[in-house]
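I have placed the structure first, in the form of structure tokens, so that the comments after it can refer back to it.
Per-chain residue numbering starts at 1, and chain names A, B, C and D are given in the order in which the chains are listed.
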Amino acid sequence: MMNLYSYLIISLILFVVGLVVMIARKNIVAILLGIELILNASALNFVAYSRYVTNNLDGHIFSLFIIVIAAAEAAVGLAIVIRFFQIKETIHIDEATQLRN
Amino acid sequence: MIPAEFDGLMPVVIFMGLAVLLFFGGHFLSVVLAPKKPSHLKSTPYECGELPVGSAWSMFNVRFYVVGLIFIIFDVESVLMFPVASIFKELNEMGQGGYALIIFLSFISVLIEGIAYCWRKGDLDWVKSFQHSLKKETK
Amino acid sequence: MNQTVVSYLSKYEFYDSLLALFGNNQGVLAFTIYLLLALIIVGMCATIGGLGTYAERKISADLQARVGPNRVGPYGLLQFLADGVKMMTKEDIMPFTADKTLFYLAPLLCLTGVFATLAVLPFSGGFIMADLNVGIFYLVAISSLVGLGVFLGGYASNSKWSMLGGMRGASQIISYEIPVTISILAIVLLAGGMGFGTIVGQQGGLPHQWFLFHNPFAFMAFFVYSVGALAETNRAPFDLPEAESELVSGYHTEYTGMRFGFFALAEYIEVFVVCGVAASLFLGGYNIPGISIDILPIQAVQFVVFMTKTLLLYYVVIWIRWTLPRLRVDQLMSVCWKYLTPIAILNLMGCAIWMVVFNGKSIAELVLGGH
Amino acid sequence: MFLQLLFISSALLTVLCAIGVLMVKNIMHSCVFLLGSLLGVAGLYATLGADFVAVTQIMVYVGGVVILMLFAVMLTGGKDFISRAQNLLGLPASMGNKLTYGVGLLVGLVFVLTNIKLLMGIAQTIPSKMINNEFPSTVSQIGHLLVKDHVLAFEISSVLLLGALVGAAIIARPRKQN
């Protein structure tokens, strides 16, 4: 029941769902939600391997930094979303077609 | 071998479970005891007696986001500082206090730069910079 | 491996007979003990929260030369029970424009966030449900659910007052979390651990052994913590999210009956938890001066000591509410970001330097010279 | 027993809420489902004995990222999304018809199954040691790793966060319209 595979399968499901959210949703905030799910899947993998395979805590450090980077990414990403909304008055991803102006 | 029940997870889960139980129990009691006479006027949002105009889900000032942004960066930095702070005493007793102090202070000094930048650029004032931008607009 | 109340009790002989009673099933016995104690703690905290509303009215009445509640029970003591019954029998009204799912969910988030913090509160040396290694960090983290509950409560009501209150509340709670967390970091640094057992164990029963008087920076950190904690629990003078005179009652304007009761209960228990944390981080916690033996009656005395300190702080919180006027939003933000946070960071740096320069000794140890 | 229950409930919470993020139209509800999923992952960390990472997950995500996302949704006009929202079933036609989805699902399934088979093969060669219910304290070990082995990453992460703060503040700062 509680072994490496169950964690890996959960993380696989999280990853796939995150990927589908990123592809299917047209809302930029929803795409950021998908990215968070993907990052969580990888962090979960690191911790699971660290407990069941390597038997040291380097995996924990990795997932710690993944969480840190996810937070920084969310901060910058949402700032871009807000700026985009100020310019275009929408946050539909298909409206993002111009590199400037 | 020590069974997992002795570890601290169980009380945490029990307390969360109690919160959920209390919540649904209270709802149940309220369903049983409370009167139920719904009317349209009763369930309009409260707006001091006036009929509400429009939805409350409107746009808010970007200030709120900037505050949240500064918060999340500091939050993450404090998360990283927690394990280092909790072994600081141990390192000090092992004679590595100076090394730990340098690492710790250099980490915090970057934190201070962040807050100094936001302070200087006026992200920390709530009203003043708003008036500032208003003034620009009237020009 | 964390110490819990069960692993503490297992040192005594009666635990073995209890274990035999449960057919040597440690899991079931542990669950039963945890559940019983959790029910006791929740009941106690709910009573304290209820009495808190009573004390609030009585003390405010005192400060304003009134009588206060005096009809229900002796001295009006049972007023809170009457209020509870009243809340249960009030009709549940939900605005038809509301986001129904989130409207249900918001009080639950507040309640869960507050109740989960009770698991690590050190009532006494043995009577701490779970002395997690990450104790204080866990408490800070899980109580951020309250901010989320406040925001969602304000959002889901779809009323302008609620929305404003929810936005203000969430931004205030998250802002003041920073100085509070950094002040706590200073204490973690002095104690050399995040568990409440470690932190309280590093202090003594007498004031000069408390972390409050450990060094000047820790002394400052206590006040930063207190101000930040007042703001985090939405207490006056930081009660902008529920300012009666401007926002009706903020994020819970649209909440009636039991759901409003949950918000109020969560708020009052949170004040108690915050006071308990202040007592155990800075004021020596459950330590009794001069006694170091560990038997069950001593635990009761420790419990009394902890409760005395906490309830005194609770009194101060209520006293402040009825003394100071409310801040403006811009003042609130500048207090947090321009005063408290820099002071907290300087305190943290000062504590780190103090640890290295004076080798972890407190002022009293330096002055008195010796242990 | 308790750990198994915690594991099952956390796993269910994680997976179901993740699917909820995908299926729900309202972006606000999506954020709340994300919150549930992240709490479930924190529970999974707890069952893995990673207490510090679990609490970090709660602290950063629940207290930070989710609130920030809710703020961003409010700042871009909360109700605007309900009409504009898209879910899986509302995919644009340019992304394929039932046949493409069917073939894609099949290929994905085969891929996953072979991978699991492979992983199982690999994992069976690894001796399963130390798997007991005991949870050692990870905090002090993580602290030592952060100041010794990973000190560069620790220091650089502060610079990264400073960069994120400055960059995001510049991007999001309110400015004159037009």
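Going forward, a residue touches a chain if its C-beta (ideal position, glycine included) is under 8 Å from a C-beta of that chain, and two chains touch if they have at least 3 such contacts.
Treat the numbers as computed from the prediction; the structure is a model and nothing was measured.
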Most remote chain relative to subunit A, going by C-alpha centroids? C
Chain pair with the higher count of C-beta pairs in contact (B-C, A-B): B-C
Chain whose Cα centroid lies nearest the overall Cα centroid: B
Separation of subunit B from subunit D, taking each centre as the mean of its C-alpha atoms, in whole Å: 19
Please tell me the distance, in whole Å, between the geometric centres of subunit A and subunit C computed from their C-alpha atoms. 33
Using Cα averages as centroids, what's the distance between subunit B and subunit C in whole Å? 16
Residues of subunit B touching 2+ other chains? 2-3, 5, 7, 9-10, 55, 57-58, 60, 62, 64-65, 68-73, 75-76, 79-80, 82, 86-87, 90, 100, 111, 118
Touching two or more other chains in subunit D are residues 2-3, 52, 56, 59-60, 63-65, 67-68, 71-72, 74-78, 134-135, 138-139, 142, 146, 157, 161, 164-165, 168-169, 172, 177
Which parts of subunit C, given as residue numbers and ranges, touch two or more other chains? 1-2, 27, 31, 132, 137-138, 155, 167, 171, 174, 177, 193-194
Touching pairs of chains, which are they? A-B, A-D, B-C, B-D, C-D
Subunit B partner, complex, touching residues on subunit C are 1-2, 4-7, 10, 26-27, 30-31, 34-35, 38-39, 42, 88-98, 107-108, 111-112, 114-116, 118-120, 129-132, 137-138, 155, 157-163, 167, 171, 174-175, 177-178, 181-182, 185, 188-194, 248, 253-254, 257-258, 261-262, 329-330, 332-334, 337-338, 341-342, 345, 348-349, 352-353, 355-356, 359-360
The answer for subunit B against subunit D in the complex is residues 1-5, 7, 9-10, 13, 55, 57-66, 68-73, 75-77, 79-80, 82-84, 86-87, 90-91, 99-100, 103, 106-107, 110-111, 113-114, 117-118, 121, 123, 129-130, 133, 136-137
Within the complex, subunit B is touched by subunit D residues 2-3, 6, 46, 52, 56, 59-60, 63-65, 67-68, 71-72, 74-79, 132-135, 139-140, 142-144, 146-147, 151, 154-155, 157-159, 161-162, 164-166, 168-169, 172-177
Subunit D to subunit C touching residues, read off their complex: 1-2, 26, 28-29, 32, 35, 51-52, 55-56, 58-59, 62-64, 66-67, 70-71, 74, 78, 134-139
Residues of subunit C defined as touching subunit D within the complex: 1-2, 27, 31, 99, 101-102, 105, 132-134, 137-138, 140-142, 144-145, 147-148, 151-152, 155, 167, 170-171, 174, 177, 193-194
